[in-house]
Structure formats: structure tokens, C-alpha cells
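Presented sequentially are two complexes of chain A, the first with chain B as partner and the second with chain C.
Right, the complex of A and B next:
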């Protein structure tokens, strides 16, 4: 293995590049953080303050953004008048329910797919991954008709089932990759010690537990952030946070303060979860193709 | 479960060290199929119920005039739903707009993402910056749509003010302008998903063999040559995965477009999935919607075929490299 350190000599070109790259990083940092900052700040502003802008071309007046009396009124109104507590609960139940169904059934299937060799296995895997990749709108067209005739539209079980269309194939596909990395010898040793096959399977679960936990979180994230299924299949009885947020847009006026507050309520928990599973994030978002 | 006979077999004296490489031949060869089948069955059945069964329904729907009112039977329509698509200008334009939108998103995201990754790689602040940069990815696309709509607003939007201040915009409105609306929508996608491309590229950069870089530098290559002739070829599989995944997501997620423009102005941002949403869930012409959905699914299957091919090779390569 060669050394990690490469001696770099200062050259004019390198200095210029370094300066440019620092500038670019600053630009990209601002570009990424600014919208988030504006969202959080605006959620604490009352209507008049939120609409304050400096004159066109007056870059010195940017301080206006922070010149306000913070108020929690939007948050209070969300949870008292707009019943966001209920929607928060709906979001939680739908995303957690779907994650639980997907990962529990998915881990069994993933284990089996990882250990079994049979004809047509590739076709089966292909079917699973293409189910995951199907556009949500296209899947929803027949699903809506089916759910309508069986009374699942507007109910939480219906929404859980709808989220499972993308969470279950995701869980199977990605957990299969995880089980592939667990040597069969471990189960064999367990069976030599007198375990049944089911006990041996249960025994290797702790080995994949961190990954399993991370992918439960990812399934929750996918369900939580979904809007299309929620707005059509969950409409009525099973409104989730994104749908409730979209309904704050009223014909006469858009209630920006409350929308920003709802945005904060919806986004902040997911950001914490994202940080929690930071190690598995890239693997999860690339269907296991890229690992850090 | 272990009988005395089993233990007897297992504890038979073995000469030397027996190394078990992989599936050894023997009484415990590998779990029998029927057992694995039972493990697989619940998930497979559920998945079939929510993906294959609807697919059959979808095909049935494409051949019918679907009636949503209870008690009215669907009317057989033959291939009408498909033949109407051929003359449907909005359908054809939807495909074009989809490709235009994807091309814009992908080129900007790949360009920015690779640049960010190259600069961040081995940077002092790499860890903390990566953590900050991945925050937008966690946001629901709807919320991102609202946030950008707020920023673009003609009377109190900060981005509108910024664009005006640097002289790019003359007033008017961003989302109501046929030219700007597309870029506005693309910018939202770029904001959310460039970090993912950067993370994928970063993972790729970590696997560029240092020996190659060193040898190349000893031979006198500068930073540019180094990037283009050593790092980039090593990155190709990663970039390919990034492009395919993002392209797929471009027509999986239309939330922010629905919120920001709803496909307007004058259909400038009406990419095909958005059109499908309108046909099916605004006009409730479900038969026609099903036909459009089927064409979208065909593209998905095509993409899936490419993806599984791509996934297999680099994955294996990456994993074995990691293990050794």
C-alpha cells in the first residue's frame, strides 16, 4: 500500500485553484443552507415581518431578514386550529406501519433470497427492483381503483399498504445485500450446536441489526416524505403532514407563515433521523449499489 | 433438536485444521428449498398483491372506458385509449418536456456534484460539510416546493430579489414565466439532490487507487491531468449509477412540480408524470391515464434492465475491493 500522503508543491496554478475551490465551497454552502435558514426564520415571523425585503440592489439591507420580533404564533395555530397533532399522528402511523411490515417481511424474504439458489432467481430479483422503480403516479392509477372498490381510500391501512409498494421491494433488495455478507458458516455452527434453522436465522439477526435499524429509518423517511399517495389514497380520513401543509394554500391567500412552520415540523425530525443513520444513507439511497 | 447421533458426527476427531470456505458438502449442506420458500412467501405474496395484481388491473383499464360511479359497468374501448395517445399533443410534449427536464437536472447536478466531491475529498472540513450538505435530501419534496415557491415570490421572495438585484430579472414573475419556470423547477431538484451525487462521487473518489495517482504525479501530471486521466475513469461506474438513479427519480417524484407550477405556465413544466396526474386524478379519465401509465412503466422496465446490469458488476467489484 502506498502512502496516503502525497507531497504537493506550491505552484501558481495550484494556489489559484485552491482559492477558487474555497470560493466555490462558500457559494455551495450558502446555496444549501440559505433556503433552510429562510424557512426557519420565516416560521417565527409574523405576516408583516415576513414580507420585508430590502430595496432592489441594496445588498447592505440584507439585515432586514433578522430584524423581527420572534413569535411562535404560527406553531401554536398549526397545532390548535389546524389539528396538526392529528396529521402528525397519521404520518407517524402510516410511515412506521409500512416500515414495520416491509422490514419484518422483507428481512425474511431477503434472507431466503440470499441463501437459496434456484432457477428464475434473477427474474424474481428483477421484478422486485422494478417494482421499486415504478413511478408512483403510474402505480397509483390502478391502485386507486382497487382501493376505491375495497374501501381503502382515505384510511390508514390503505396508506400503509400504498407505502409498502415502494418500501417492501426496497427492504428486500437492500437487506439481501446485507445477508449476502453474513457467512453461512455462522448458521451452520449454530445448527451444529443444536439450533433449528429458524433459531439460526434469529441468531444472525443481531449481526445485521445496525443495518436493519437504519433501513427501518429509511423506510419511515420514504413514507413520511411521500405526497402523491397521501394526497390521493390518504385524502379524507388519513391526511398526513405533507398533504395538510399543501392544504394551507387557500384560494384567497397563502398562509406562508404557517406553511413555513409546517415545513419545519415536517423536516426537522427527518433531518435528525438522517444524521442518525448517516453511515447507511448513501447505500440506502442508491439501492445498495454504492457503499461508503 | 440435536440428537446424540448429530453430536457424534460433529465431534469426530478431525486431523489438522479444517477450513470451511463456503457451503461445505455434508449433512448441513444448505437450507432446503422448501424452508426458504416459506420464509420468502409472505413478502412475495404481499408484493404480488400490491404490484402484479394492480398491473393486471392497469392492463384491463387501458382497454376500457373506466367508470368510477358505482353500479355502472366499464365500457369496452378496445385500443382506443392507445390510438388517442398517438394524436395527443400534450402526451408527446410531456415526453419531450420530461427529457428536457431530466437533461437539465442531470447535467447541472452531475457537474456541481462532482465539483463539490473533488473539492471536499480530503478537505479539512469534509466531515462537517458533508453532514450539512445532506440536509436538503431529508426534506419532503413538497416542502422543498413550497420553500422555493416562497423564495421565488414576486413581492417578498428573497431569490426573486436577488435575481433582480444582480440584473438578471426585470420584474414580472419567475414561476409564471415560460422561460424561467423550467429553470426554477430544476433549481429545486438541484438544491435537493446535488448532495447525493456529491456523496456518490465522494465514495468513488475514496476508491481511486493512490498508487496510480502518485505514479502519475511523479511523471509530472498536474491537478487537471490527474483528475481527467486517473480519477475520472475510476469514477465512471459511480457516475453511471448516479445518473440512472436520478433519471429514475426524475419521473418518480413530481411533488415539487405539482406544488410550484402544476405543470404550467402554458405546459412549460408539464413533464409526462405531471400530465398523467392531471388526466387520472383531475379529469378522472382513468382509462386514458392507464394507457399513459403503461408507457411510463415500459420505460421503467427498460431502465430496470439497464440498472440491474450496472448494479451487478460495479457492486461486486466494489465489495471485493473493500473486503480484501
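Right, the complex of A and C next:
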């Protein structure tokens, strides 16, 4: 195999472009990381410190932003008075629950669609993905009516079901691609070894683990970040973090510190999820040996 | 250990016919080779034996048990696939242990059997590696190892060494044959390489376009092919075929070609008469059964002109033009002259084959 090295030739244009790309990356880094930084820092400030800002254009005065006595009061208040513990739990159950349901059902459906040949398969596949094409708002009203008459409004199962309606078609579509890349001969070998069809399916699951991992992240993120379903269908008994955070915004005396703390509580679990799943995503790159 | 009986088996993929009315009996502990060109239905046959493919019609028996409706796991077979089909995420050891684990074999017993198989196949140092880290030959040994760790009723091999390089292939031919004799297990071996069939099998079933052409020992297949296809498929370099006419003379039958006349023996003549041969026939003769000497005035009966010579170390293959046709001759290497030089060749008439011109069926 040829080496994967990218051959570079020096030229003046190339150095200019290189300089520009470094500048761009610096700008991009500041652009994406600064809001997060401000959020984390502000969540530890009390109300007065939060408004200690340098004059516009006074870059030397940035220090005042970091000149404060850190306080954990906002976090304490969130979890004691504002019941964020419950909302955190709701968010976790709704997003992880939907991810679990979508991935387990989705992988089985994707497997079947990848392995079996039958009339109308292409149409079925298109129908599955087309259910995902409609914008969320478009189905919101009918969905709400259905959910209300089945008593699912304001319950966690209702929220899980709502997320799953959107995650499942996506799961089937993406995972089918991963199953298509696993040679059927491996399952045939497994069957000759003494596996049932079901055991053979389970045996190849590690080979699509990168796909499953990536997909779990996408499903969890969809549920975790969702606001629309959570306000309408989850309202009441199944309030999640984004909705609860939004409710902290009051007409007067906005509690910025607490809102920032809520932001941190919402963001941190997803960062951990990213770290946790990274191993599987990277494994996907080395598992390329499946083909051949 | 089992005998395998295939009766009237057909295989269709949609409208494509892959196997036509196959009847074949594989004896207990026999090494049976299914030989034929690509697309002739070899794999389909093997996969029906394995239970990986539905049987369109007909029956397959292992001993006296009809296995048509048994899934692979209940047939007690072990199969080695063309592209090895190892489990990429498992080590060599785990790959080989899998069939035993599925049968709930005790741990020490698994260990013992895997080590033993690895020892036979000389892959002990590789047991902890993953398939990605193996060469083609090592992957293939692992795949074989996975098959031999247990004692199945039947081994099924689908071109297991087709993707190895020539030298390793010839080595593996010997190894596999030895292994099969050692393990004493009924084996069905599919290949498109006639050399593999000839060198390893107890009996060969030659297939062409889904139809079984001939079943016999390698010796029978080589020396007494039943039709032109089998005759041309087996042997290297392949048999020469020439369009000729039969002429009745006062001594018997003579084969007439633009470049030569060959008087047939009495026995050959009677076989042709009994078979109802027409005047137009095709004769076949193997390159080894033609003698050649350089120069225009040797003792051999047919004059020819050298088209090209291919020295192959100890032997040489010479293509000779006679009467507008070209024949391939194989002889010991020696001074032969170059393209355009005259030579003389002689046919071993007792090794001649005669085929019907339209049906290709052999008279002898």
C-alpha cells in the first residue's frame, strides 16, 4: 500500500495560506470556547461580580472579569430550591431512554434491511427516512393530540416515545450502512460454527460498534438539547433541563449566575458522554479490516 | 464421519439456474473434489450441503438423515470459506475456540484442542493476534483451524487456497491432503484449479454450467474423459483438439486431417462404429502424447513448422503448425530451432481421444 502521507511542496502562496489558516483557527477557537468560558466563570460569581466588566476597548482591563470570590451558591440553590436534580434526572431518562430504544430497535431493523432482499425494499427504506424529513413543528400538533388522548402528555414515557419517533428512522438509515459493510460470510461462518441466526447477529455487533456509538451520541444529543417537545409534550410531569433553564428567565431581576450554573449543569454531562464514547469512535478507524 | 448423498438436486436463484439435477454420492471419509470453471455451480452445491442456501428441489442426506430442512448448526459440518471469513474482532485463539464454545465444551478441553490444531497448522505463535495482523496464508490456516478443532461429520472447503501465491498453494495442497487423511473425515473440496483436484482428491466431480459432467478418480478423469469439456479442462497444457474426418480403408478406420493421416486400431474402430460416429469428428490428444524432433527429415511421420517455443526449465512446450492448425507439444528440453523452422511430430495413436463433433461426447 502506498503511504498515506500528504506530499507538500513549498511555495509563497502556501506559506500565506498557512498563516491565514492559523489565524482562522485562533479566531474560531476563541469564538467557540469564549462563551463556554464566560458561562463557567459567571456561574461562580455573585450578582454584583457578574457585572464587573472592563470598558469597551480596554483589553488590559480583562482582569476584572476574573477578580471575584468564587461562590457555589447558585449551584446549591439550583439543586435545593429549583429542583434541578429532578430535571437532570428527567433529561437523562428521556434522552438515554430514547437512545436505548432507538438503537436496539434500529439495529435489528437495520440488520434485517441490510441482509434480506424483498420486493419494495427501496420504497420501504425511503419511507422510513422520509418520516424524518418533516420539520418537528409540522407534526407537533397532531402528535400532541394523539399523546394527550393516550395520556402520554407530561410523562417520561411520552417524551421517550416522541424522541424515538424522530431518532428511530435515522438509526435505521445510518446503521444499515454499517451492517452493509460487514461481509455476510462472517455470519455464515458463525452459523457453520454452530450459531443460530440470532447468535450470529450478536456476534457481529462489535463490528458495527463504531456506528452504534456514534448513533447513541446523536440520539442522546437530540433528546438532551430538545426544547420543543419538552415544553409541549413534557410540560408538567416531565420537565427537562432546557425547559427548566428557560423558566429561570424572569421579567425582573434576572438571576444570571443561576442561569449560567444551569447552563453548566446542562453542558457537562454531554461532554462526559463525548469522552466516554470517543474510544468506540476511534476503534471504528482501526476496525477497517472487516472488508477485504 | 458420514456419507453424503445428493439426489436430483436443483438450484435456482430467481430465474438463474445454478445447479441442474445433480446426483452425487460422497462416501464415508472420502476426499471429494468438485471441479469446474467459475460460475459452474460449485459453490452453490457446497452451500446447499452446508445449509446456507435453500435447495430448490431434490434431497440431501447425511448418512440416512435428510438434512434439507436443518440449519447449518444442526448439520454438524465445518466450512472453510474462500475469503476465510474470520471474525475480525477476535484473536486467532478466539476464532478457533468459537465452535467449541458454542458447544459448551469445558475450558481445558477447548484449550487442549485449539493448541493441538494450532500445532498441526503451525500457527501456535500467532494465537494472540487479530486477523488484520496475519498474512493470507496464516489467515487461511486459522480458517482451517476453526474447522478442525472439532470433529464434524463433513468438511466443506470452498476454494480455500485460491488466493494464496503459487508456492504457498502448492505447499498447502500437500498439507491439506495429509491433514484429511489424518483426520479421516468426509471432505468436499470445491476448486476451479484442476491441479488441486488432480493432486488431492480421491474422486473428482467435474461440473460445467450447473451440470455434472463426469465423476471419477483423477486417473479416470485424466485418461478417460467422457466429453470434450472434461478433456479440455483437465491437464496442463490443455489437450489439443483438431477437426478431422473418418475414412474407411481396407485396413480399418483412418483419421484424416489436412496435415496427417492416422490409422486407428481395431478396438478404436469398433468403439467408433458401436457409437455410431459420423464422418466428421473431433480428435483430442494431450501435448505429452505427441513426440517432436527438430529438422525436416526426421523419422516421425508428420511434417510441421515451429510457431513458438516455450522453455520451462526441464521441459519445453512447442507450438507447431500442421495443415493450417496449431498443436501444442510437450517434450524434454533440447535444441529445437526457432519460429518458422521445420520439425516433425508423431502422435501416440493409442492415447488418442475421439469426440462427437456436435455433442462433444467421447467415443473413447
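What we mean here is this: the second predicted complex is superposed on the first by the 249 of 292 C-alpha atoms of A that agree within 3 Å, B and C clash if a C-alpha of one lies under 4 Å from a C-alpha of the other, contacts with A are read in each partner's own complex, and residues count from 1 in each chain.
In this section, a residue touches a chain if its C-beta (ideal position, glycine included) is under 8 Å from a C-beta of that chain, and two chains touch if they have at least 3 such contacts.
Predicted model only: the values in this text are computed from it and were never measured.
Of the two partner chains placed around the shared chain by superposition, chain B and chain C are both touched by A:195. Look at A:207: by the touch rule set out above, it reaches chain C but stays clear of chain B. When the two complexes are overlaid on their common chain A, residue A:64 makes contact with neither chain B nor chain C.
When the two complexes are overlaid, the chain among chain B and chain C that reaches more residues of chain A is B.
In the superposition on chain A, contact is made by A:185 with both chain B and chain C. With both structures placed on the common chain, the touch criterion links A:256 to chain B but leaves chain C unconnected. In the superposition on chain A, A:76 makes contact with neither chain B nor chain C. When the two structures are aligned on the shared chain, A:136 is found in touch with chain B, with no touch to chain C. The residues of chain A shared by its contacts with chain B and with chain C are 185, 188, 191-197, 287, 289-290, 292. Chain A makes touch with chain B in their complex at residues 1-4, 6, 11, 13-14, 17, 21, 24-25, 28-29, 31-36, 38-39, 42, 50-54, 56-59, 65, 101, 105-106, 108-109, 111-113, 115-116, 118, 122, 124-126, 128-131, 133-146, 148, 161-162, 164-165, 168-169, 172, 177, 181, 184-185, 187-188, 191-197, 201, 221, 224-228, 232, 241-242, 245-246, 256, 259-260, 262-263, 266-267, 270-271, 273-275, 278, 281-282, 285-292. By the touch criterion stated above, chain C contacts chain A in their complex at residues 50-52, 71-73, 77-79, 81, 83, 85-89, 98-99, 102-103, 130-132, 146, 156.
Remark: chain A residues 183, 185-186, 188-197, 199, 203, 206-207, 287, 289-290, 292 touch chain C in the complex.
If you check the complex, the residues on chain B that touch chain A are 1-2, 6, 10, 20, 22-24, 28, 30-31, 33, 35-37, 39-40, 42-44, 46-47, 50-51, 53-55, 57-58, 61, 66, 68, 112, 115-116, 119-120, 123, 129, 131-143, 146-148, 150-151, 155-156, 158, 161, 164-165, 191, 195-196, 199-200, 202-204, 206, 210-211, 213-214, 217, 222-223, 238, 241-242, 245, 248, 251-255, 258-259, 273, 276-277, 280-281, 286, 289-290, 292-294, 296-297, 300-301, 303-305, 307-308, 310-311, 314-315, 318-319, 322.
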